[in-house]
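In what comes next, subunit A is part of two complexes: it sits with subunit B in the first one and with subunit C in the second one.
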Partner chain A sequence: MTDSSLPPPAAAEAYLALTRRRRLLGGVLLALFLASLVAGWRVVEERSAGGFLDGLPQLLDFPASLVAEAWERRADLPRLIWDHVPSLVETINIAAVATLAGALAGLVLSLLCTRGLAPWPGGIWIFRRLTDVLRAVPDVVIALVLIFVLGGGPVPAMIAIALHTAGALGKLFSEVTEAVDLRPVEGLASTGATWGQRMALAVVPQVAPNWLSYALLRFEINVRASAILGFVGAGGIGYDLRNAMTFGQGRFDVAAAIFLLLFVTIVAIDQTSARLRRRLVQGAVL
Partner chain B sequence: MTALAQPSPLPAVLRAMRRRRLVALSLPVLLLAYLAYVVVAFDVAGLAQRARLDNAAILLADSWSHRTHVTRDNRSGEVRVAIDGDRRGTYAPERWPGWVRAGDGATVVDLPDGHSVTFAADGAVTYAQPGESPLTIRVVDGKVTSDLSGPVPDWVSASDTRVAVTTEAGRLAVTRNKAEVMRTLPGWAMFWFTLDSPYHGHLLPEILFGPRIDPERPNLSGAWEDFWGNPLWRHGDVAWALGETMLMAFLGTVGAAALALPLAFLAARNVTPVRALRFGVRRVFDFVRGVDALIWTIALSRAFGPGPLTGTLAIVLTDMGTFGKLFSEAVENMDGRQVEGVASTGASPLLRWRFGAIPQLVPILASQVLYMFESNVRSSTIIGAITGGGIGLLLTQAMQTGKDWEDVTYYVVLILLMVFALDAVSGRVRRRIIRGREV
Partner chain C sequence: MLVIEDLTRQFGANRAVDRVSLALERPAMVGVIGRSGAGKSTLLRMINRLTQPTGGRILFESRDVTALRGAERRAWQAQCAMIFQQFNLVPRLDVVSNVLHGTLNRRGTLAALFSLWPEADIRRAVQILDRLGIAGHASKRAEALSGGQQQRVAIARALMQDPRIILADEPIASLDPMNAATVMDALRRIHEEDGRTVICNLHTLDTARAYCDRIVGMRDGRVVFDGTPEQLTRGVARDIYGADESFSEEATSTSIDRPPAVAALLREAEALG
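Showing the complex of A and B:
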């Protein structure tokens, strides 16, 4: 009786052999992975100006001089912060408009590339690839090209971020749309509603909370992206930061003010958006 | 009876609907107002003036074509044919392209649409085109003169020091020192080999199977050397830069995950009972995320200088916050019953983790790490542009010159290929991990 509950010895043997093989394979993969990490790290150190251990003692030099200089002119700090609020507003505006435009484009793209909803099923493949391409192009590439053509300023950054957002949200939106209940769509179709009416009245109400939540998340990301693009010449607070850092030895008091402003803004936006998203997903009314 | 006594819900419902309608109507109005404000704030109207459409034209033309310069030195009378006017793209006199013909001391340059330029032996330069009388330009007593009579046509610009002709077919500029014709030809010039390489103009089968081209070197290694070290396109350097960018993303992601993993357990409610500790670790995550890649990159580049090390560490720090948050959420959402089940067999805490928790966590965490890696390949391009490493640096350098647009196109194509390839690989691995969890 007790014997029958145990597996036959051959099966146990086979199981143990399988486990051993798996462990061996896992071990080899892990060793390869670690080796590539070490080799990669060596290459990175070799191709950098200084090694990791050389730079480590200087790690705190910059924050220290930043704090020291800001402290020395602490009386000026509120004024410096206030001076850069307009640039901060520009950075946020870039992100907001890019998120709006990108979300709208992503909305259309997602409907066009969802099976069962697309008006031209033949176009699904094309629109999916288009979404992939938009998502794949790093925004800095588009921004730099547009800065060359349109001149510096917020518009190139806005277009670059909007295009990337359209791709990213198009994909996320279509994942939501794929899970949509099709019965309301059919119901509307039976009354002779057009494609636009079916989407607006049967699909959008179902997916709006999730979409909004994704769009908010994207807005957080876009604020960061817009600050970074400013640093490559697209206006806003990033541009001010670059000027502060490259002015002579660096105007560290200005840099400190901008860091502070940026940090507080990002944290505030993250927290607000996280709260809103929680409410959206839990189904509470806005 | 009681139902009648209750106040009718209808007015409340109607009120709610009215409020909703108001909200629904005012939202688009607010949005429009905001957009109008932004249009003013971004100075979109002024954009039309600032926009340099000629720059766009240069960009478009340069990205798929190149210019070959035919230059005559007016003092020595020597004629040089060079791609992009570059020394390394200079044709040997016996190997001039077919559209440049020399004979009797004169040189004839054929341009498209029947246009042609003749450098005569006596120093005169003639631009001939169908439908117009030929224009002859001479340098007399240090002055550049043309035989134009009557009004100057719009395709000619003339002064005492310079006469230039610009048409759809090409450009000619004559100064006291030299006369130069530029012809635009499609394609990226010298992409494989520069003209000073013996392999230029040979096809792949010739290099692979033909007789030895350069007596000094075997074909294959010689051709590889000249291609990889191509001084104009710098294929070797570009490959290194791409590698650096991928390496930054790879090491940054793995490093961030390795740092975040132990901290995430400290921040998880079901692992760490101490509330203060949890709170502290979470604020650390929030802090590194809030400081943001831009600030980290700048701060770190002060300590580690330009190069991929700064980029790697910036990714490590920023993503540590993100991973910490994601990982601790995954740990909190873990199914406790599996751990209990293992515990019921009398397993030690270590074994409980090994067989109860890790099998649940690994697929989720691995999939998050891979997803972040995909996104970091793009981020490290941008970080490279800021800190000076990888393909991002090459891209900004090529753009700053404002003329190497064929290089820019080349880099953009490579970046896209890299992102696509890594996305595809990582997406496939991610799908396998997720599917493996379901089985």
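Showing the complex of A and C:
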């Protein structure tokens, strides 16, 4: 049994020619990359006009006074932290609801834009662009628009984060779904199952661990996003933090308490979610 | 040449390999047979140092290779090439690149990162591919090849290492009978023409009989037979596979259509009938 179509010297020469072409292309790309790197460096240097280096010594001023004031009034810290727990709960609630809503929308979007599974193959392009748009618009921008229309509060923040989450998870979910084994889907189709039944019973069991893992990762990100949205008037702990920081010198102990609370919470959520995700992907039962 | 002394591997409460001792004086083609879970893979993986033994040692030309660390250990791995059941190629890279991976132990990471292989190595890789009859696929991606072709690429990678020993872990278990015969023929030829030692895990008895000079039977981590194919009687085979009276050799196999082997089987069947 022989599968060779070219005699060995010819095969070697052909491969060497291919290698030379690849190396040439690689070299050109590397040169272009280095050239743009140097050019970019020059532009940044001109634009910043030394501001970066001048500002560098002041970089630690704010954290220094924050720590100093917090230490001075350390007896008050537990009370201050306790005072802000309700707004922390609000922030986490915004993130949780937004993640849930966004994940459900992302689930539907991902199935609609996965080749081989989509019920309307013609619509794949449209649903893909829709997820692109949802993902491309930053949640802060959506939140600002919604706060302008609906007024401040947790609802605009929730909608903003949910829309962004739907776009991001739709993309991640569909990447998992593309690698799905189609044989069970065909098996169910042969029994006369509807599209919804095929997806729920043949696709979801295969992808559920990875989907859950991505959703948890998104929840981590959304807790941080929800805290930041408070800065633009969406309520929660971010709003408290902005107020505390505008109190200015002498009242930084409140800001320090909020920072501490936020930091501990985010680390706790990240650690828990990381552990859960590892177990999910390794296939362990929860 | 290769001496294994009391080699043991413990996984929790389970002893995958239990005080195995073997000695090879000169290059040979050795078949290791046994049921799945008998410890064949673990034994081969320990010789290559992919799995760390929990006891015993392996001597190659009186050097204790179980004690090697770091660069020395990797140099030993380059000398005893491994072939896997699932080929373990890089699917998205072309065939020649996969074969050139056999030289990684001699090359720096940076050169490998930019695929800066010496021209002489590329020519040798294509030559090896030609020897195995797949030079025509040189520039294709490994994933585009059939199972039998991929396994021959894996053998080419092993040969590129210019190893003293080739360890083949169930090399034909994922292949159809015709491709299995091609791969086993290639391994036998490499042993005969290059004088390299080939240690081959097989779960099919007839393949081991047809291709190997020496057969080692394992059961529950222990060596229960070590001898020539002629010494391997039906009773011994039954013991290795832990089967009862109804055991027949064909039951261990999907049967490779290799004339001598088939003839032997037929003869046996007639003798029984």
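Keep in mind that, in the parts below, the second predicted complex is superposed on the first by the 233 of 286 C-alpha atoms of A that agree within 3 Å, B and C clash if a C-alpha of one lies under 4 Å from a C-alpha of the other, contacts with A are read in each partner's own complex, and residues count from 1 in each chain.
Just so we're on the same page, a residue touches a chain if its C-beta (ideal position, glycine included) is under 8 Å from a C-beta of that chain, and two chains touch if they have at least 3 such contacts.
Note that the structure is predicted; figures quoted are calculated from it, not measured.
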Exercise for the section: Check whether A:P78 is in contact with subunit B, with subunit C, with both or with neither, and answer first, second, both or neither. Expected result: neither
Practice task
Report for A:V145: first if it touches subunit B alone, second if subunit C alone, otherwise both or neither.
Solution key: first
Practice task
May I ask you to decide whether A:F231 touches subunit B, subunit C, both, or neither, giving the answer as first, second, both or neither?
Solution key: first
Exercise for the section: Once the structures are superposed on A, label A:P119 by its partner contacts, choosing first (subunit B), second (subunit C), both or neither. Expected result: neither
Problem - Dominant contact partner of subunit A by residue count, subunit C or subunit B - result: B
Handout entry: Which of subunit B and subunit C A:G187 touches, first, second, both or neither
Key = neither
Handout entry: Shared subunit A contacts, counted only where both subunit B and subunit C touch the same residue
Key = none
Fill in the blank from the handout: The subunit B residues in contact with subunit A across the complex are 31, 34-35, 38, 41-44, 47, 50-53, 55-56, 59, 240, 243-244, 247-248, 250-251, 254, 286, 289-295, 298-300, 302-310, 312, 378, 381-382, 385-386, 389, 392, 395-396, 399, 402, 408, 412, 415-416, 419-420, 423
Exercise for the section: In the complex, go through subunit A and note every residue touching subunit B. Expected result: 37, 40-41, 43-45, 47-52, 55-56, 58-59, 61-63, 89-90, 93, 96-97, 100, 132-133, 136-141, 144-145, 148-151, 153-155, 158, 224, 227-228, 231-232, 238, 241, 245, 255, 259, 262-263, 266-267, 270
Handout entry: subunit A partner contacts - residues on subunit C that touch it in the complex
Key = 96, 114-117, 119, 122-123, 126-127, 129-130, 133-139, 149, 178, 182
Practice task
Please name which positions on subunit A make contact with subunit C in the complex.
Solution key: 1-6, 8, 11-12, 14-16, 18-19, 22-23, 26
